């Protein structure tokens, strides 16, 4: 079993708020992340696939192939977007890093052709990150 | 002469477009940076002050003092904001990294109490950065 | 289950030596880390909390709250200190990265209000790091 | 149980190809990694050892000792080499990051004097990495 | 005047040797960089263009355009290549970082459509870099 | 003219205080950097040499040679030391980053055998750095 990881990057705007709460309650919980006009991040994502490399290629999954899947199926949908407004598969959830990582898992897990998706790490900033392993 | 640099960070949304142009012209020039609902970045900024350190302190400017000035006079105004809407001193300019660096210079240059502002570097992403030296 | 991580930083002096050993034995085991007057590091720490994010907030624990806990309960006690002399909860242990990570766990584990402490990673330098998971 | 990690670095050339395949098949599978004259990387490696630190030293394994083992037993053999030609223990395998991590494990695992080898992470580039844990 | 920088990356093999010298002399001067079968690096390059941003775009040069020029005119020619063998514009020079930076300048300077090329920084490894400013 | 840079690292303890001042005055100016028992940092240093690479080597100065000079003449004297106590050439100056960079210049400038010393950059932490160019 080897774990192979591809890193990717996207830039997006978002706003954290719960539409069923008052503005005051949203401010109390989400603070400046509740800024009405949104704010943004350069997100870094690490997608890890686990598997056994077959001897004839020595690769769990070709990292170029994994990069293309991540770009086409995920990055294209979220890069240079407003996550609350422009991304269909994020509608109805609060775009915290936790919720985003779980939503990204649902998008990517069925599209990994070799091995199996093991982990998604999402960095919202240099000091804040989350990891979801499908558990 | 010694050059002292303080790095700081902020997260913001922005949209690149020229309001005197058509949507098609904006799309041609700014591409996905013209996304209607904006996108965002984790910006990194490096503020460099030049001066001669006096022997009794050995400091051009105390980096804690410089950090406080940068935070209070600049970061507080732009962090977790939409740069096109929420930041008074950026009104009327297209928030490219170049224009932002020049606007940040105007904000910070008169507020440096020791030495003189020498350079502002602004990283919009890991691979894209600009520098302005007041020239 | 999602794992959320907050990074923090502190600068401290320390000296590695076992007071029950001779100076020669300390030099043999700890080498230049046994320098009599101490040396120092910029330590980086990653605190990971595991839990399930409730739907109404989408957060295992608000990373701002986690950052405040880490700063108040830990960083304030060790930043700009001599770890052998100035830090009560480290008295009587050799401040290796391994021992520090285990001591930090004891400080932080009972103070995490949501989820449970999962891991403490401590970087003593760019090339040397340890992790403790409470096992 | 504490996990201690030492990072190390080496620069090497390699070429990905399966000698039992045609050039066309190699190009299809390995693309530009199959360049006849090779290409190269700055590889970063993280070697993690797991163990319980004895109280008299507070160290699972002295990180200086681990660094010396990694340098002498591994880095000396691969640094500034062509991995397909110059490295005896890599002969007969395709030098993908997966295969290299597993081969490095075989070299290092029996040479760790304290604790046990837990993980080898190998970064082929900033965005591509693999991990092997001996499973 | 604003300085805008685009970073790019490539992986290549090379060998340092002077064909007019003996093998012994090459070994004395270039050491392990003279390994017969070559070695390799992940090179990072920073291309800086200087100019005044026109008000209607706020950009010295669109960083997407600069990225495309750097990729098409330079990276395509050197990525996943052996620099001594596969790159026509490097023939006849020893591929040290210094010589490469000066050769890259000649390739890129006439192809910058806005502003003027100000600097090329080339990182051969994390600790070794060179800069050429056309002086 | 090409600028070549070598990065190096050391870990040291220090304390900022002016012995001709009262403890209260030192606390007012240097804050927690005046901690009686010292604190410490992982310092990163970048040493830049400027020169023209001769065609037969293509190197301003062999970066391995520069690395050896920096290690032997500077790093050996400051690594794992208390800068206020253990380093003869720093006696009598307050070990701020500014003063250290100027003192390092005096040590290194006469020892560079090819080209001339152009710049010393000293990072005290990830966010705080100084540069001295001998002006």
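All chains are identified by letter, namely A, B, C, D, E and F, in their written order; residue positions are counted from 1 within each chain.
The criterion applied here is as follows: a contact is a pair of C-beta atoms (placed from the backbone, for glycine too) under 8 Å apart; a residue touches a chain by one contact, two chains touch by 3 or more.
All figures in this text were calculated on a predicted structure; none of them were measured in a lab.
Novice: From chain B, count the fewest steps through touching chains until chain C is reached.
Specialist: 2
Novice: Keeping to the contact definition above, tell me which chains border both chain B and chain D.
Specialist: Both-contact set = A, E.
Novice: So what angle, to the nearest 5 degrees, turns chain D so that its CA atoms land on those of chain E?
Specialist: The two chains, chain D and chain E, differ by a rotation of 180 degrees.
Novice: Of all the other chains, whose mean CA position lies farthest from chain A?
Specialist: F
Novice: Indicate the whole-number Å distance between the mean C-alpha point of chain B and the mean C-alpha point of chain F.
Specialist: 29
Novice: Could you put a whole-Å number on the gap between the CA centroids of chain D and chain F?
Specialist: 34
Novice: Can you list the residues of chain E that touch 2 or more other chains?
Specialist: 126
Novice: Any two chains that touch count here, so list every such pair.
Specialist: After working through each pair, the chains in contact turn out to be A-B, A-C, A-D, B-E, B-F, C-D, C-F, D-E, E-F.
Novice: In the complex formed with chain D, which residues of chain E make contact?
Specialist: Those residues of chain E that touch chain D are 9, 11-14, 32-33, 35, 37-42, 79-82, 85-86, 125-126.
Novice: Within the complex, which stretch of chain A touches chain C?
Specialist: Residue positions touching the partner: 16, 18, 20-21, 29, 31, 93-99, 101-102, 124, 126-133, 135.
Novice: Please output the residues of chain F touching chain E within their complex, sorted ascending.
Specialist: 1-8, 53, 56-60, 62-64, 67
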